[in-house]
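Both complexes shown next keep chain A, but they swap its partner, so chain B is in the first and chain C is in the second.
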Partner chain A sequence: MRPVGQANVVAEPVLRIEDLSVCVERDGRSNLALSSVSLSISNGEIVGIVGESGCGKTMMALAIMGLMAENCRTVHGSIALQGLEITSLSARSMRSFRGRRMSMIFQEPMVALNPLMRVGRQVEEVLAIHHIGNRSERRRRVRELFAQVGLSGSGFRSRQYPHELSGGMRQRVMIAVALAAEPALLIADEPTTALDATVQAQILDLLLDIRSRLGTSILFVTHDMGVIAEVADRVVVMYAGQVVEVASVQDLFARPGHPYTAGLLGSITAASSVPEGGDLPTIAGRVPSLEEIPLGCAFAPRCAKVQAHCIDNRPQLATLETGHLAACWFPLPSVGDPRTSATSHSEGGK
Partner chain B sequence: MNLAINEPWELELPSTRTVRFVKARTALRWWPVAILLVAAFAAAFPFLLAPLNPDITNLSARLEGPGYSAGGVRFILGTDNLGRDILSRLIWGVRVSVVVATASVLVAGGFGGAMGIIAGAQKKILGPVIMRVADMVLSIPFFLLAILVVAALGPSVRNLVIVLALVRWPRYARVAYAQTIETSKREFVQAAIALGARKLRIVRRHILPEVLPPLVVVATLEVGLMVVYEAALSFIGLGVQPPTPSWGAMLSTGQEFVSTAWWISTFPGLALFLLVVAVNRLGDLVRDRLDPRGH
Partner chain C sequence: MIRFILSRLVQAVVALLGVLTVVFFAVHTAGNPVRLLVPQNASAADIARLSHQLGLDRPLVDQYGSFLLNAIHGNFGYSFVQNQPALNIVLSRFPNTVELAAGALVFALALAIPIGILSAVYRGKWVERVLMPVILVGQSMPAFWSGILLILIFAVHWHIFPSSGQGGLRALILPSVTLGSISLATVARMVRGSFLEHLNREYVRTAKAKGASMPRVLIRHVFRNAFLPVLTILGMETANLLGGAVITETIFAWPGVGLLTVQAVQSLDFPVVEAVVLFAATIYILANLAVDLLYGVVDPRLRIQGAD
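After this line comes the complex of A and B, so read on.
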């Protein structure tokens, strides 16, 4: 059922974003929400995008889906899905891609499902939109999908309304909706943020399971480092609309190169690591708004290791070790032994 | 609340009588339905209910009061200035009220609702144009427009419906417009867009089910107003033409004789009152049912 794309070169990533800049116009002024962002996801890979709120994570997801608000514009760069440039596509072909070649899971399953429609119908709807199968084939596929996302007794579940399901079940329905047309790329925008911890773990397991069974590539947007550690193969750290670090998940957690990444990792709260009565570790300051992004390193005002050079010059992504890039003039030294990460399993996709 | 219950038997449970009373009162809230059923029946089968032919004049029995009988014929609610039976005319008159009110609400609601949804879905050019036209229509005095249309098209039931629909559609358009805009912002609509759904499909599957309930509420409340408007237009002679019986026209005839033959205008007025109150009350009940937020 997957659209013909098998002719692609093996090395062709599912998604390749190159030098993408997006500007937002507000009150007659335009500001860069994404500046020169590059990213690629290979087949069956899970890439996590992390960063605080307002760093451009969701903007990136929306840019890929072609769902940016009307005051946003791609000023530069390219987005290629399975080797096909999509920034220049007509609205019509873009629509036929959405849901079919790439799909999205939303943050809050409570509101992303239509409360007046049976959940089975909502899954079927995606198939109908893309003219997949006839009525009975669609029904069968819905049952299949419900089983796939772990909604047992699917015949009965599919006849229920969203309000009759728990948060976790609703998110499973959302995932079934997103997977229905067998997209090559799944964009998950904070899919577990609205769920409680145990359900969160189940949903993450489900996503990992889907990746290994269907080979779906997943772009996982989150601000939760713990979740990233659990699911991602590779991590892209964003700050103020820029990519500041790219690394495999092992390298990133073991040897963060950018002070911002180190700050994020330092802010993970482990119950044992906080002294009695002590403050939780944080990164001082806040994410700059689009209007006030500094000319030099965007993180400079909050950086503990800031030097004069950082204020006026913007660092570019530079390789620290194979597959590990950071945009910092003075990247953190590797902790412990300086061996390279040649053993990292996710290097270069496959 | 400070309930001091010393002994278990002091705890007062509602008596069977109270329960029955409450139940009866709940059922009685639906009295408008009974009245409307009678009206609907009368509109559909007036010949079964009306004791006499409403159009037969009898000049020897003109302006007779309620209960008058002559030659074995009983005029329960009296006769009008041409000796026609008031009760029979009243019963036949329901038809015009019901038909005109329902038809105009359906036309105005259908057209206005569609316009509102289109305006809400096409926010760039078409939307503002439609809504400004709606504002314009609302700013034209009702009777002025009615006289204009009737003068142009001639008085008839069909034209009456056209006039009423023309005047009232903006009301539905505004409700549908607001609801469409609001629903469009909801995340499940955004999700549908992210899944590749076309606009028409989104309107049909997601917007329409959200727009219809408030439209139905407005429509039920509008029916009452349409009954009054129809009567008003017939009263000034722009509506249904004689000899077709209409409550508005009957009121109009009756006003000349109000000091000598009060029954000619009183009974149609009463009937009008009853019908409108029943419709409005039903509208309230429907609203309470459809609007979970309550009032």
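After this line comes the complex of A and C, so read on.
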């Protein structure tokens, strides 16, 4: 069966994750690294996953790819790629999906490529693994891909080794690798974090360009709200292995519902307007380790608006407005929006 | 590239001069060979005459000067015992040592590489728990014991292989196994360690994300990367083996450089000892130079400017 991408008649999302829980075993104890996570990505959509380090963003990406470390296990839930459940697939079928229907680019382009293999061959290998084309067709396709990711000319040759390329060029090679077999889903795990600001902008432009030309859906993992604002259509905010807010990028930036989201936004939007010598706004405290995630709302210990009710009861995702969900007992009232006034709740909590 | 090799050769010459000096003074303080050469009832005059003939009555510094000068010309003098040029004796034994070294290396590598890879891939599984003790046993058994054990079992008891001497493939097997099992353990451990380290590298994750199978990941990606540190060990092992395996050659009466060394030292045959040591040192230096050049072949990052 060939994946035909947009030809699906039913508007089946490219990726649908439902109620996914993953546990990590360490020193004989197992802890939930992802707890009841749900999300979906439609055709050609860019969904950003945002959160501080240790929130489970990368774990989610690796769970989708089936590349989690040996001590991690999916305990519950489903991951469906183009309508096909993949958590129960054999290792062999999973391999035939990886790189073909979904692919991934990583944070460190400096080390993500094999240092001893010419970059052209690293791209060609994807095609060889999935038996796409004969040798000369594959060569032609590699040249095409390099042109597509902006690597033609300027002294670049596909016979070069990774160490002969700059960080930005290597990330472009990685993107060429990821796109080679025309996957429906591209997972980008902090793809620009290790790059200079100007190179970062170029890579983001390239990803946007790929989406609009090829219709590739992109799951974009980052801790950087600024990057989210530039690329994402929808945003999933994660905290301590849970999804705490889902919204379109406009809604999220205009009316964050979860205090954690507001904190993340506060630490970037205010950064430019901090008076000289003033402290940058931050979220006090740190992300709890897997062993110490509280029973109630995971964010409660760091939340400025915490109530007694939050300590013992875990909030579920609830709709604030169409397409905007937050997991908070007392979501932030949006400015000038009487619909989501949470004052009555907070009275009740006291 | 040429400059690199030249500078390495200059270093090599300095090292060899050092080796020559150390070996000269070491052997000349080891005892008087003349007493071993003359009959038991020889008179003091006989001893003095022979000493004079061999030049051993000259001041040590004087002897050292002419030794160095001759050695540079490749002349180590005549063997006291065999009355042949010392270097010729060493060189005539060398092919036998090469044969044994090659046998030992083939045996060691053929087992060490798969064992190392398997115990890295199946870390913590039963495969590793079976293989690691095998390696440990190989490493802890000294050649003088494992060699004799092998002779006892395969030559004396079962008559499968000859117990000593050289001649054909059958005679090569027992000494190769004895000598190779020490290298086997060293190389297998190195392969295992290096593979373990590289299996966690990011580029391996990239390869898996492409959909590559484990054999493909290992062969196409990890093998070459993980082999670099193994190459270093391999160079040293090869040099050690080519310098003559003293114990193994003695046990199996293998007429190589190692056996010659023992015989020369026992009879205080200074010229031969000196030639053997210089020869082994030269092999060592050349093997390491070869490894350095091989690095560049394997790893493009290490290629010397202008070589490509």
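Simple rule for what comes next: the second predicted complex is superposed on the first by the 321 of 350 C-alpha atoms of A that agree within 3 Å, B and C clash if a C-alpha of one lies under 4 Å from a C-alpha of the other, contacts with A are read in each partner's own complex, and residues count from 1 in each chain.
Here, a contact is a pair of C-beta atoms (placed from the backbone, for glycine too) under 8 Å apart; a residue touches a chain by one contact, two chains touch by 3 or more.
Keep in mind it's a predicted model, so treat the numbers as computed, not measured.
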Using the overlay on chain A, decide if chain B and chain C clash or can fit next to each other. clash
What is the contact status of A:100 with respect to chain B (first) and chain C (second): first, second, both, or neither? both
After lining up the shared chain so the two structures overlap, which partner does A:130 touch, if you call chain B first and chain C second: first, second, both or neither? both
Is A:161 touching anything from chain B or chain C once the two structures are fitted on A? First, second, both or neither. second
Once the shared chain is lined up, is A:16 touching chain B (first), chain C (second), both, or neither of them? neither
Name the contact category of A:113: first (chain B only), second (chain C only), both, or neither. both
Where on chain A do the contacts with chain B and the contacts with chain C coincide? 65, 67, 95-100, 103-104, 106, 108, 111-117, 125-126, 129-130, 174, 177-178
Which residues, counting only chain C, touch chain A once they are in their complex? 201-203, 205-213, 216, 220-221, 224-225, 298-301
Residue positions on chain A within touch of chain B in the complex are 65, 67, 95-100, 103-104, 106, 108, 111-117, 125-126, 129-130, 174, 177-178
Spell out the part of chain B that touches chain A in their complex, as residue ranges. 186-188, 190-198, 201, 205-206, 209-210
Touching chain C in the complex, chain A uses residues 65, 67, 95-100, 103-104, 106, 108, 111-117, 125-126, 129-130, 161, 163, 174, 177-178
